[in-house]
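Next, two complexes with chain A in common: one pairs it with chain B, the other with chain C.
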Partner chain A sequence: MSDTFGQRPANASETSMLKQLTSGSLPTLALIIALAFLPAMLGGSWTFTMGLCFANSIGVLAVSLLVRYGGEVSIGHTFFTALGAYSVGVLDAKYGLSLFASLPLALLLGVAFGVIFAWPSRNLSGIYLAVTTLALALAVPEIINNLGGITGGYEGLYVSTPIVSFLEMSMQRYYFALLMLVVATYLVARLRKSRQGMLLLLAKTHSAAADAFGTRRVWARISIMGISGGIGALCGATLAFSGSTVSPGGFTFSQAIFLLVGSVVGFYGLSLPRVLLGGAFVTLVPHLLSASGAWIPVFYGIALLSMILIGHHLPRIRKAMKLRKEAG
Partner chain B sequence: MSAFLNTLARDLFPLVWSGMIVGCLYALGALGLVMIFKCSKVVNFSHGNVAGFTAFLVYGLSSGVLMSLSWGAATLLAMLCAVAIAFLIYSIISPLVFESDLTSTIATLGFGLITQGATLLIFGPDIVSLDLPIPRFAVSVLGLFVTGYDLTVLAVTVITIGALFFVIDFTKLGIAFRAISENPFAAEVCGLNLRSVHYFAWITAAILGVIGALLIVPTTFLSVTTVSTFMLQAFAAAVIGGFASLPGSLVGGVLIGVLMNLFAFYVSPEYSSTFLLGIILVALNIFPNGILEKVGGSRV
Partner chain C sequence: MTEPQTNTLRGEGISLSFGGIKVLKDLDVEFRAGEITGLIGPNGAGKTSLFNCLTGAYTPQKGNIGYAGNSLNGLPPSMRAAKGIVRSFQHVALCPDLTVRENVMIGVARNHHSGWLNAFLPLPRGQREWAAMAQDANRALADLGLAEMGDLMPDALPPGMQRLVEIARAIVGNPSVLLLDEPAAGLNNSETSDLMAVLRELASNDLVLVVVEHDMDLVMSICDRIYVLNFGELVADGTPKEVRENPNVVRIYLGSDDD
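Our next item is the complex of A and B:
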């Protein structure tokens, strides 16, 4: 029944070998176990970076989910990550509450604002929605800076309340992010098998048929925005806890674009390895290129373009080669 | 009552006037976006970054950073460069354009990032100033303070848009452009080459972008993000105009310019992006097909 632990048919064709390797259940399980033992091998700063990497992977998952289930591109997901991050940051810094209180609040706010944003934009699609999310992304840093009394303005907030007392804080930051990533990807995999998930996909591909089954297109849009907003807020909450600080610099327009780039780099995949690839890209490229700042946008741009062009040209080249092989 | 009218005359009319001037520039930016969208169904997110890069190029070529040419020669060279960049971008994404408009739209984001990085690499993150070679004067007309800059912007906008509409309405190329925007399949059946018309739209848009960028920079300063920030207002203008209507984007540009100016003065200058988001959401709900279109039902 379940997707993550289900058996694949043994006679899978050669071409789907790669697909099976990246989305199969056993390798994913092995990957999770390997990641769980990773801090023992890595130094402190790399453990910290990997935590951020998991958090960003959740953001990539939120963007990819919207593409796959809604058919829409968002360049404004920093709005939702900022919501989640500031729920955690404000409750921690002002009231000393741990994630037990702030994580549910973050999820609630993320879903609520996803729905609130989806309602006025329910009839928009394609580029209209993309431009609207662009405006959303631009409004975020401005709102954060102007609500300095709550959000700490430019300086931001420091998150330091531990979840459990028996584990070192740096380990908590790492394992919390890993746990959230595993839970999120698992739930999304379950969504794919569930009735609701099928209906959402049907509403995307055959909206008239979905209408006949009682799923309105508007309802599908609002619910997928709600889910995606909730996952976005989860990403923000994880970023806040694992990154230990929340500041407006993490929620700029560029960051919103980078999440989309991460999603494209993972070919909009929703499985754990794919979103991890996207998240790693979003986190590690600035980390590794931090000495030469101007190269970061160039690198992102080239990566984005080459992934898109590969995705476009590779199937054609493969087909042409196959034809040539058959002819010769 | 008269006191109220006095303050109105003192504040409101100058605000509307300056909003209109900036709005003309938003309209120039929006026209470029709409030209591209109308025929190739791609939203060009690299528009602002490319225009900003060319503004830097004009600065670099005329100030002695790269060369010390006259302003006119530098502008001409920068325009050629903008045309070349537009040609290059369209050539790379043209296979995508005919497959998925959303994928090609994302691809333009990639070009935007590359251009932004290139600007940073060549010219550095410093802020520079770039002025127009125009006479400086200011006259007061009916309580309005009109400067040489205002008149230049108005004149350039009117001439540019007049020329554009002349080309689109009366030349063979313009008719091909309209035909392809209306029905690409039928146009292709009639023997029109979609790609060459797309090239025309992309190149025209690039030139409009350069003009808009050069006119906007004197009001502030030139940094890596100035022009791309300015282009976001152009996006809003295009959305209000319906994204597929050239006159609509003109009206949208002026409307955005005036509304943003009034909001910044009477409410708060700090929430202008949030206000812009509000305008877009409201406009898309009331006029889903643009401000100049009638709302019509669809038939199944």
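Our next item is the complex of A and C:
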């Protein structure tokens, strides 16, 4: 009966893989090469800003991943970026340890706290979970200031230990961020073609079906929060190294909102170009806005947040309205 | 020789209610391996609810559920799935983010256990696992006449085919208990007869196969035994012939004709 559906090439999977390679990987590869040569063309301050942009893109990736694989919105990811950033900052400034030591610690803490957060909030979803993550975000600056002894309080910490000896520090800051961004997007792209990735996606769309095929929704929630927390911490670690300083100002509530907005700007995409788009937004817009008054970013954030939540719930709202229309 | 009765799925005295509405009333059922059992009854009779109790999605207020002599009471759905108790859904529950093949691969995922590193890096174990799952899925899709559809997204298929994908996902992992909820709904005649052939082939000695279906021709022709539910109560059970001639069943089906 299948021959009624037109002639398809017998090796459909091979052709689709080829298509994937040409449509996804090649432009991405070209983009990476272009970015690798960028510092030669840019001035120092733009090179620095681009490094921050890569780091923020990783944060956008963490938030988008949670949306795409967990179906949940976080407005508290600065909790995880702060964890990563202070892992790097404290080990560097207090103990003179480089990223070789602090990066694994950052990842470990990010994953661990993602899991720890996921457990008590496992039965929350939608706006309720978002508000819970908000609590995380609001707590961050307080925690940092209260632990002033190790975090350096308002002053913050300066990150200066190089990773390698043969490259100028400003170049290290740039290329490390680029490398981390490429690695993070690669790992996330791999997830899509894995057993775990498929199960997460099913659990997101049909948790009853996932249950019926052996995947507990608690497992799904904990896994995706762990991964997203880990990537969030990677963002923070990269911000710390590439931005050279770690201070509470980088982990405010509005920063958490900007990460979410960046994720929306990148259409919740997980590919390198998409998260870069979001990262660029997160990096540049606050700068532009801060020139126009201290409260504007907050209003801006709130306006965008409401748009996001409406956008997020729109399919359900539409469905409900349609049902009501059909019933009435 | 093993007794065929040992791999029976049993429900004893199952009662289920939602806020005072009794959906299942003290129901005794026995689904034997090697047989195809039909579960029929008018809309709202409680067929899907019974499946939900058997798979652990619902917890009945009273009664026991056991498989192969072991109690399943209190086991969550995921652990029943691990025992090979698998279902299809009346309302197709495919993941729109996954291709047709990947949706079917979900059905064998529980047999694979590679760790998280394999999810993020192209390690040999994860690659092998993926290839094995894809191969199993391709075979199940081919059995249901969907060999060419693997790379499409489910939304690109007509509803009948989506349902076949749903069934492919259920049969692909060699289940020991297979509960199909209206597998023929939305299928055209040739798809239905393909499905019947597949089900007959599946009904081997060690599979408990239960089919909820409104298509009476299908039920009467493939089932060895039929249970008839009405308002959560068992009205009749027996061979297709016995059930067809049962006056209660005739009354129920004539009585529900007006809707």
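The criterion applied here is as follows: the second predicted complex is superposed on the first by the 265 of 328 C-alpha atoms of A that agree within 3 Å, B and C clash if a C-alpha of one lies under 4 Å from a C-alpha of the other, contacts with A are read in each partner's own complex, and residues count from 1 in each chain.
The definition used in the following text is that a contact is a pair of C-beta atoms (placed from the backbone, for glycine too) under 8 Å apart; a residue touches a chain by one contact, two chains touch by 3 or more.
Values in this document were obtained by computation on a predicted structure and should not be read as measured data.
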Practice item. Using the superposition on chain A described above, determine whether A:123 touches chain B (first), chain C (second), both, or neither. Key: first
Review point. Just chain B (first), just chain C (second), both, or neither: which does A:191 touch?
Key: second
Check your understanding: Is A:75 contacted by the first partner chain B, the second partner chain C, both or neither?
Key -> first
Exercise for review: Figure out whether A:142 sits in contact with chain B (first) or chain C (second), or with both, or with neither.
Suggested key: first
Practice item. Using the superposition described at the top, determine whether chain B or chain C touches more residues of chain A. Key: B
Practice item. Figure out whether A:206 sits in contact with chain B (first) or chain C (second), or with both, or with neither. Key: second
Review point. When the two structures are overlaid on chain A, which partner does A:260 contact: first (chain B), second (chain C), both, or neither?
Key: first
Check your understanding: Residues of chain C touching chain A in their complex?
Key -> 55-57, 76-78, 81-82, 86-87, 89, 93-98, 101-103, 105-107, 109-110, 112, 114, 116, 118-122, 126, 129-130, 133-134, 145-151, 169, 190-191, 194
Exercise for review: Write out the stretch or stretches of chain A touching chain B in their complex.
Suggested key: 73, 75, 120-121, 123-124, 126-128, 130-132, 134-136, 138-139, 142-143, 145-146, 257, 260-261, 264, 293-305, 308-309, 311-313
**Study point:** Complex interface listing, chain A residues touching chain C
**Key:** 1-2, 5, 8, 12-13, 16, 187, 190-191, 193-199, 201-202, 204-206, 208-209, 211-216
Review point. Across the complex, what residues on chain B touch chain A?
Key: 37, 43, 92, 95-96, 99, 101-103, 105-107, 109-118, 120-121, 125, 232, 235-236, 238-239, 243, 270-274, 276-277, 280-282, 284-285, 288
